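Order of writing sets the labels: A, B, C, D and E. Residues in every chain begin at 1.
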Amino acid sequence: MNEQILTIVTFLPTFGALILLFLREEMKQAIKVTAFVTALITFLISTYLYFNFQPDTAAMQFVINKPWIKALGVNYHLGVDGISLFLVLLTTLLTAISILSSWTSVGDRVKGFMVSLLILETGMLGVFVSLDLFLFYIFWEVMLIPMYFLIGIWGGINRIYAAIKFVLFTMFGSLLMLVAIVALYAIRYKATGVWSFDLLSYYDLRIPLGAQNWLFIAFALAFLIKVPMFPFHTWLPDAHVQAPTAGSVILAGVLLKMGTYGFLRYCIPMFPNAFDTFMPLLAVLALIGIIYGALVAMVQKDVKSLVAFSSVAHMGFVMIGMFALNMIGLQGSILQMLNHGISTGALFLIVGMIYERRHTRLIEDFGGIFKVMPIFATFFMIVTLSSIGLPGTNGFVGEFLILLGTFGLNKVYAVIATAGIILAAVYMLWMFQRVMFGKCEKPENQKLIDINLREKLVLLPLIILIFWIGLYPKPFLNAMAPSVENLIEQTTAKKMHLSQFAVPDKGWQIATATQIEE
Amino acid sequence: MELIWLIPLVPLAGFLLNGLLGKSFSKPVINTIACGSVAVSFLLSLNAFFGLLRLAPESRSVEYILFSWIPSGSFNADVGFLLDPLSAVMILVVSGVGLLIHIYSVGYMAHDEGYSRFFTYLNLFMASMLILVLANNFVLMYVGWEGVGLCSYLLIGFWYEKRSATDAGKKAFIVNRIGDFGFALGIMLLFWTIGSVHFSTVFDLAPQQLAYGGGIVTAATLLLFLGAVGKSAQVPLYVWLPDAMEGPTPVSALIHAATMVTAGVYMVARCNVLYMMAPTTLLVVAIVGMFTAFYAATIGLFQNDIKRVLAYSTISQLGYMFVACGVAAFGAGIFHLMTHAFFKALLFLGAGSVIHAMSGEQDMRRMGGLKSKLPVTYTTMLIATLAISGIPLFSGFFSKDEILWQAFSSPFGSPLLWVVGLLTAGLTAFYMFRLIYLTFFGQRRYDDHVASHLRESPKVMTVPLMILAVLSVIGGYVGLPKALLGGAWFEHFLHPVFAKGAEIGKLAEGAGESHATEYALMLAAVAFVVVMIFTAKRYYLDRAKNSEQFEHGFGGLYKLVYNKYFIDELYDKIIVNPLVKGSNLLWQKFDVLIIDGFFNGAAWLAGQWAISMRKLQTGMVRSYAFVFLGGAIFVIGYLILSR
Amino acid sequence: MNFPNVDFALLSPSLIVCITALLTMLLVPFLGEKRQAVVAHLSWIGLSIALVAVSQQIGKNITTFGGMFLGDDFSQFFNGIFIVAAMLTIFTSIDYLRRKDNEHGEYYPLILFATYGMMVMASSSNLLVIFLGLEIMSVSLYVLAGFARTELKSTEAAIKYFLLGAFATGFTVFGIAFVYGVTGTFDVAGIINAAFGQSNVDTFLIIGGALLLIGFGFKVAAVPFHMWAPDAYEGAPSPITGFMSAGPKAAAFAAMLRIFSVGFGGTVPHLQTLFWILAVVTMTIGNIMAIRQNSIKRMLAFSSIAHAGYILIALVVGSGEASSAAALYLLAYALTNLGAFMVIALVDSGTKHDEFTSIDTYTGLARKRPYLGLALTLFMLSLAGFPPTAGFMGKFVLFKAAVSQGFYILVVIAVLNSLVSVFYYLRVVVKMFMTEPDGQPIEIPAVPVFLMVALAFAVAAVLLIGVYPQGWFNFAGLTILGAN
Amino acid sequence: MELAIFILTSLVAIVAALLVILQRNPIASVMYLMTTFVAQAILFIQLRAAFIAILQVIVYAGAIMVLFLFVIMLLNLRREDFGKDIKLKYKPLAVAFAVVLLIETLVVINASMIPALPGANLPATFGSVQGVGKELFTTYLYPFELTSVLLIVAILGAVVMAKKKL
Amino acid sequence: MVPLEYYLVVAGIIFTIGMIGVIVARNIIIIFMAIELMLNAANLAMIAFSRNLGSMGGHVMVFMIMTVAAAEAAVGLSIIIALFRNRDSANIDEVNLMKW
C-alpha cells in the first residue's frame, strides 16, 4: 500500500477522467457526480498519506521507484516529505471543492470541464510528488493544457487572450527550465558517468559555481513566473479574472504553489551558491511584489483582479520567507503556501458565488450585500480576515513565521514586508466595505438569495482549515519540521563545500567546472 | 486559579454560541448567554484575584499553559496565561466594566435589528481583551491585540449601512494595523535578540543580554510603543478614535474608553523592565503622552458632538496614563487606567442614555435642560464629570494627582510635564463642564418630536450607571496616596510586577520631594480646575446665549481647534490620496503599460516581422529562385570567406 | 568481373515496396472506375508486409551491392518511418480522393514509388544512389502534388515544387561532382578519408559540401531554400501535404545526416557554423512566418520549416547521438504531422473544390466533433513539444544531444522558438474549442473507417512515444554503418 | 590545337547558353540549347568520354530536346505572352548575382589544390561504351537498376499529369 | 592537354548562366531549359573530374544524370501541360495564386 498509494492518488483523477469520456455529454448530472466522487475519493485516499506520515523523519515517504525509460535514466520515482505532503492534500481537497463549486455555474460542455479539472489534478499532484526531474517536468507541463482549456473555454469575455498569455508566460519559463534540466543532466553524466534524473542524487551533485548561476537563473525564471513574482506577474490578473471559478481556485490555490515549491525543492538545494548570489535580488523582487501587489490591488475595480493582485503580494511573502533559509521562515513559508491556497481559494469561491448570481465582478456593482446575504457575508468576512492575516486564522501563523524568519535574515526586509500587512488590510477591507457594506440600493442586489447548502459545504472545509491552522498549527509544523531541517542542513553543507571549491574531495569536480565554464 | 484559562474562553464560548446559533435564539436567550458568559468571567476573575491575594507578594505570578501553539525551530509560542497583580487588576476591570456594559446594552440595543450580532461581537471582544491581558507571551498578546482591533472594527461599523460607520471602522482597523506593524516588529526584534517571546523569559534575560539604554532595547521598546500609540490613540495615530464614535454607544464605552484603548498602557506597563532599560524611550513615551493629553484636550474644548467630546477626552486621559508610564510611574498609570475605566465608561453610558432618550441626537447644541427629565443620568454623569475633572474625593482626583506628582517628582519627570499636565487638567474640567451645562442645564433646544419620546432610560441601563457612579467615587480610595494618609495599597499590590523595572531604573520607593511640595502642587491643581469649571459655567450657563460669540472670539484658534487641527484632511492629502493616485498610476502605467506592454510589444514585433517577411513570399517562382540563389551565394560565399 | 553479391533479404523491404508499386501500377488500368480503392488496399497490404520485412532486418547492420546498400539500424528506422508515413497517407487518402472526385488508382503506386525512393535514399551512403533515390522520390512527389490536376492550386503547387526542385537538383549534382572530383568516389566514406584528420580540407570538398547542403536544404525546406514549401504544401492535396512533410523531409535528413554527420563529421568547422546559422535562421523564420498564416496547411508548412530548423541542430552537433535523436524527432514529427493532416484532409474533403483550409474553418469544430478536436489538439501539442507527446520526446533527445556537446545558446534559441510556435499551434486549438462560428458552420464528413484506424494509430503512437519510448528507440544511438 | 578547340567549343557553349536564357521565343531557346549540348559533346570527347558524348547528342540533344519542342508546339506558345515585364525587375540584380557567382566559382577553382592526376595513362576502354557499360553492370549495378525505376516513375507521372482524362 | 581548371571554369560559367536563367526567364519552358543547362554544366564538371581522376565513376554518374534529366523532362513537361490546360498560360509570373 505504501508504495502504491502515491500512484493511486496521482492517477485516480485521470482514471476518473477516462470514465467520464465514456459518459454522454447529455448526462450532465452523472458526469458531475462521477467527477466529484472521483475527486472526493482521491481526497479521502490522500488523507491516508497524512495519517500514515512519519513526522519524525526527513526521508521521503511512500516512495515508489521504478525504472521507466532506462536508456535515459528516467525513473518513475514518487515520494512525499513534510514539504510536499500538505501541498498534495491541498490539491486533492481544492479539486474536490472546485468541482463541487462548479455544480451549477458550468452548464456548457460539462464533460470537458470535469475532464480538464481531473487531468489538471493529476498534473499538479505529479509535480508535488515527483522525485525525478524528467517526471517533474512532464507533470509540470501536463498541467498547463487543462488549465489553458479551463480558462480558454469556460472563461470570461477576454478568455482567449488570458489563456494564451498564461500558457506563453509559463512556457517561457518552463522551456528555459527544460534546457537547464538537460544541462544538469549532462553535468551529472560527466560527473558520474551515469545518465540519471534522480532528483535526490542531484542534491549531492556538486555543481561548479559558474554553471550553478546559469542553471539557477533558468530554473528560477520558470518558478518566478509561476509564483508569480514581480515583474512576471502580469499574466496572473488576466488569467484569474477570465478563468471560471474552479479555474481561479485551482490556479491560485495550487498552481502558484508549484512555483514556490519548485524553488524549495529544486532551486535552493540544488544551487545553494547561486541562490546565495541571487538571493538579494530575488528578495528585493519579492518585497516589491508585496508592496506593489498590495498597492495595485487597492485600486482594482474588479474583485477578481483585486484578489489576483493580492496573490502577488501574498506569494511575495512566501518567497521572502523562503529566502531566509531558516527554520522559522521556511516553515512559515510552507505553511503560508497552504494558507494562501485555502484563503485565496475560498475568496475565489466566494467571488464565484456572487458572480453566479449577479454576473458581474465589478466592485461598484455591489454594496449592501451584507444585508441580503448574511451567511455569505459571514463566510466572506472570515475569509477576508484570514487573507489579511488576522490572529486566530491561518494567515497569521504563516505570515508571522515568515516575517519572523525574514527578520532573522535581514531586518530591513522584514520591516518592508511587515509594512505589507498594513496594506493588505487596506485593500481587503476597502473591498469588503464596498461590496458588503452600505445600503443595498441596486434592485438586482436586493433580490439576491443567500448561499445554499452546497455552497456552504464548499466553503465549510476551508473555513475549518482556516481556524484549524490558525489555532492549532502544530501538527502541520511538526510534520514538516524534519524535512525543512534537512533541507537547510543539506543546502548549507553543500554551499559550504562549494565555497571551499579549491579543495574538492573528488577530482571530477574540477573537471566539470572547467568544462562547464568554457 | 487553575481556571484562569476559562476567563477568556467563556466569553469565547458565548461568542460561538451566539454567533453560530444566534439567528434562532430569542433575545432573552441571547443576552443571557452574552451577559452570563461575561458574568462567569467576572466571577472567575474575582476568584483569581482573591486567590492571588492569598499568595505571598513575591510569588504572586501564576502561569498556566494550555498548549503549545506555534512551535517552529527555536521559536515557540504557547497558548498560555499569566496571572499576576497587573493582569489581575486588568481582568477585573475588563470583565467588571464589561459586564456592566453588557447589561446596559441589553437595554440600549433592545430594538436593534442586529441584536444577536451585537452581542456576538461584544463577547468576542471580551474574549480577545481577556486574552490580551492574560497572555503570557508577546505573540498571544498580539492575538488579543489584533482581536480587539477586529472587534473594534466590527463594532464601529456595526451599522454597516451607514457609510461613515464603515469608513470609521476601516480607519480604526488600518490605523491600528500601523501600530501593530511596530508591535510585530518589536516582538521579532526581541525574539531574535533574546530568543524567546515569553514574558518571563524575556524580562528575565533582557537585563542580562541587552545593554542598558542600548540601541536594541531602545528600538524594541520604541517599536512596541508604536503599537501602543496605535491602540491607545496617541498622536499621531489617534485619528481613528474620534471617528470610532460612529459605533453604538456601549461600544464606545467599553472599547473606546474603558478597555481596549488602554491596552497600550497595559502593554507598556507589562514591559516595564524593557522600558526601564531604555530611558530614551521613556522620554519619548512621556512627551508623546503629554503632548497627546494637551492636544486632545484642546480639540475637546469646542466640539459639539457629545460623544466626540468624550472621545477627545479619552485620548487626552490616555495621554495622562502614558505620561505616568513615561516617568516610570507604571503603578500610577494603571491606577488612572482603572479609575478612568470607571468614570469614562460611566460618561459614555450616560451620554448613551442621553442619546437614547433624545432619539439618537448627539449634538449638544440641540439638547439643554435635560437635568429634570433624566435625573439618574444627570446625577451619575455629574459624578463622573467631577471624577474626571479631578475634584477631590472623587476617584479621578487621586489617580490624576498621582500622575501629576510623579511627573513632577520622578527622576524621569520634569516640572514642565507637570505644568502641561496641569493645563490639561484645567482644560478637561472646562470642556467636561461645558458638556454638562450644555446638556443638562439651560433651556431646552430640542423639538417637540424629541420631547415626546423623552424619558429616563430603563432600569437595565440605569443600574449599571449607578454602579459605575459608585465605583467612580470609591475607585480612587484603593490607591490613596501616602500624602493623603492612604497606604498606596494599589501600588503595593502592583509592586511585584514593577519591582524589577524599578530596580533597573534605580527608583527608590517613596523618594523624592516632601509631602509639602505635594500638597502645594495638589492645591494648585485643584484651584486651577475650579477656576476652569467656573469659566465654563460663566460662558455656557450664565451667558449661554453668548457662548457662540465666546467660542468664535478665539478666531483662528477656534477654527483650528474646532476642525481638529485639520489633521484628517492633512492625512488625506499627504497619505491617502497620493497612495491611491500612485497605485492607480502603478497599475495603469507600470503594470499595463510597461510590463504588459513589454510582452505584448514583443508579440506585436514578432507579428510585424511576420507581416513584413510575408512580403517576400510573393508567390512567384522566380522570386523564390532568387532567394534560393541568394542563399546559395551566401552559403558558398561564407565558406569561401571563412576558409 | 566483380558482379556484386546481392543480399535479397536485406533488400526485401524496399523490394517489396517497389514490387507492390509496380504491380499496383499495372493493375490500375484493369480496374473499373469504381474499384480504384482496391489499389489502395493492395498498397497498404504491401506496405505492411514491407514493415514486417523491415522488422526482420533490424540489428543486422550489414551491407550489400558492394556497399551501395546499407542495411543498418539507422536506415531500418527510417524505412519504418517512410512505410508508416505511406500507410497513414494511404488510409487518409482513400476517402479523400473519393470525396474530391479524383479517385485515380495511379495515386497509390506513386506514393509507393516515392516511398521506395526515400528508402533508397536512407539506405545508402553512396551519393549516386542517394541522388537517384532522391529523384525517384521527387518525381513521384511532383506528380502527387499536382494530382488534383483540375485544381489551379494543385497544378501551381506542382509546377513550383517541380521547377524549384529541379533547380535544387542542379546544385546537388554540381555538389556531387565536386565531392567526386576530390575523393574519386561517390561514397561518403571517401569524404571521411579525404577530410578526416586533415588540417586543410580542400576547397572543392567544402564547396561540394556546400552545394549538397543547398540541394538537400531545399528538400528539407531549410531557410533560405524553403520558399517552395508553403506554396507546395498549400496547393497539394491534403493527404499528400502530410506525406510531403513527413516522408521526404525524413529521407532528406537521413541523407544529410549520412553525408554531413558521418561524412564530414565535424571536420569542417565552418560547415558546422554554417549549419548553426541555418538552423537558427530556419527555425526562427519558420516560426515567425507561421504566426500570421490563415491557411492551416500553409501554417503547418511554415511549422515544418521551423521543425527542419530544430532538426538541423542534429547536424550542427554532428554526433551519432544527435543523428539518432534526429531520427526519433523525425519519427515523432512524421506521426504527428500525418495525424494533423488526417484531420485536415477530413475537413478539407467536406467540399469538392474550394478547400476548407483556412484556420477559421475550424471555428467551433470541437463542439460538434470533440474527439476530432481533441485529436488535432494532441497533434498541435506534440508539434509544440508539450509532454507527454512524441514531439516532446523528440525535442528532448535532440536537446540532450546538443547540450551534452555544449551547444547551449543554440538550444536556448530553439527553445524560445518553440515558445513562439506554441502561439500559432494553440491558435488552432483556440479556434476549435474557444470560439463559436459566426454563420453556418461547415459540414464535416463522418470519419471513415480507415481514417479512423489511422487516426487512432497516430494518436496512440504520439502518446506512446511520449510516455514510453523505451523499446521503440535505442537511445544509446542507432548503428550507422560507415560511421567508424 | 587541343586548347584552341576547347576555347572555341566552350565559347560556343557559353554564348549559346546565354542566348538560351535571353530568348523570348522558346523555340529559339531550344535551338540554342541544342547548340550548347552539341558543343559540350565535343568537350566530352576531348575529355575521352566518348560514350557520354554520344549519349549527349542522341539522348539529350536529340530525345529530350525533341520532347521540349514537342511540348512547345503542343501548347502553341507565342512570344507575345511574355511581352511585358511584370513587376519584378530582377535583371540588374540577376547580373549582380551572376557576377558574384562567377567570382565565387573562380575563387573556388583557384583555391583548390586538386592535383592534376596522371590522366595520360588511361586504359583504352576509358570512356568507351564498353568501359562505361562494364561499370554500369558491375560496380554501379544498383544505381543502374534504380534508373529503371526512375524512368517508370517518370512515365507513370507523365501519364498521370498529361492524360486528358484519367 | 587542357587543364582541369579550364573545364571547371566553363562548367561554372554555364552553371551560373543556368541559375541566372531561372531567375530572368518568364517562360516556364525556358526556365526548365535553364535548369537543363545547370545539369549539363554539372555533367561537364563531372566528366572533367573523371578524366582527371582516371575513374569511370563520373561517366556513370553523368549517365544517371541524363536519365534523371529525361525523367524530369517527361514529368516536368507533363506538369506544364496540365498547368497550361488550367490557365492557358506559360508565363511563370502568372502562377502566383498562392502567396504570403
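Things to note:
We adopt the following convention: contacts are C-beta pairs under 8 Å (C-beta built on N, C-alpha and C of every residue); 3 or more make two chains touch, one makes a residue touch a chain.
None of these values were measured; they are calculated from a predicted model.
Within the contact network of the assembly, the step distance from chain A to chain E comes to 2. Listed here as common contacts of chain A and chain D: B, C. Between the chain pairs D-E and A-B, more C-beta pairs are in contact across D-E. Farthest chain from chain E (centres taken as the mean of C-alpha atoms): B. Every chain gets a centre from its CA atoms, and the centre nearest the mean of all protein CA atoms is that of A.
Among the other chains, B has the CA centre that is most remote from the centre of chain D. Look at where the CA atoms of chain A average out and do the same for chain C: the two points lie 41 Å apart.
Between chain C and chain E the centroid-to-centroid distance comes to 25 Å (mean Cα coordinates, whole Å). With centres set at the average Cα position, the gap from chain B to chain C is 78 Å. Chain centres here are Cα means. That of chain C falls 30 Å from that of chain D. Residue positions 15, 18-19, 22-26, 31-32, 43, 48, 50, 52-53, 57, 60, 64, 68, 71-72, 75, 78-80, 82, 92-93, 95-99 of chain E each touch two or more of the other chains. Chain B has residues 614, 617-623, 625-626, 629-630, 632, 636, 640, 643 in contact with two or more other chains. Under the contact definition stated at the top, the residues of chain C that touch 2 or more other chains are 128, 132, 135, 139, 142-143, 146, 149, 158-160, 163, 167, 171, 181, 203, 207, 230-231, 423. Taken pair by pair, the chains that touch are A-B, A-C, B-C, B-D, B-E, C-D, C-E, D-E. Residues of chain E touching chain C in their complex: 11, 15, 18-19, 22, 28, 31-32, 35, 38-39, 41-43, 45-46, 48-50, 52-53, 55, 57-58, 60-61, 64-65, 68, 71-72, 75-76, 78-80, 82-83, 85-87, 92, 95-99.
On the side of chain C, the complex with chain E involves touching residues 128, 131-132, 135, 139, 142-143, 146, 149-153, 155-160, 162-163, 166-167, 169-171, 173-174, 176-178, 180-181, 184-186, 230-231, 234-235, 298. Taken in their complex, chain B has these residues touching chain A: 67-75, 139, 142-147, 150, 153, 157, 160-161, 163, 166-167, 169-170, 173-174, 177-178, 180-181, 184-185, 187-189, 191-192, 579-580, 582-584, 586-587, 591, 595-596, 599. In the complex of the two chains, the chain D residues touching chain E come out as 2-3, 6, 10, 13-14, 17-18, 20-24, 26, 29-30, 33, 36-37, 40, 43-44, 46-49, 51-52, 55-56, 59-60, 63-64, 67-68, 71-72, 74-75, 77, 81-82, 86-88, 90-91, 94-95, 97-98, 101-102, 105-106, 108-110, 114, 116-122, 126-127, 131-132, 135-136, 139-140, 143-144, 147, 150-151, 153-155, 157-162. Partner chain D is touched in their complex by these residues of chain C: 1-4, 18, 22, 25, 65-66, 68-69, 104, 106, 109-110, 113, 116-117, 120, 126, 128-129, 132-133, 135-136, 139-140, 142-143, 146-147, 149, 158, 181-182, 202-204, 207.
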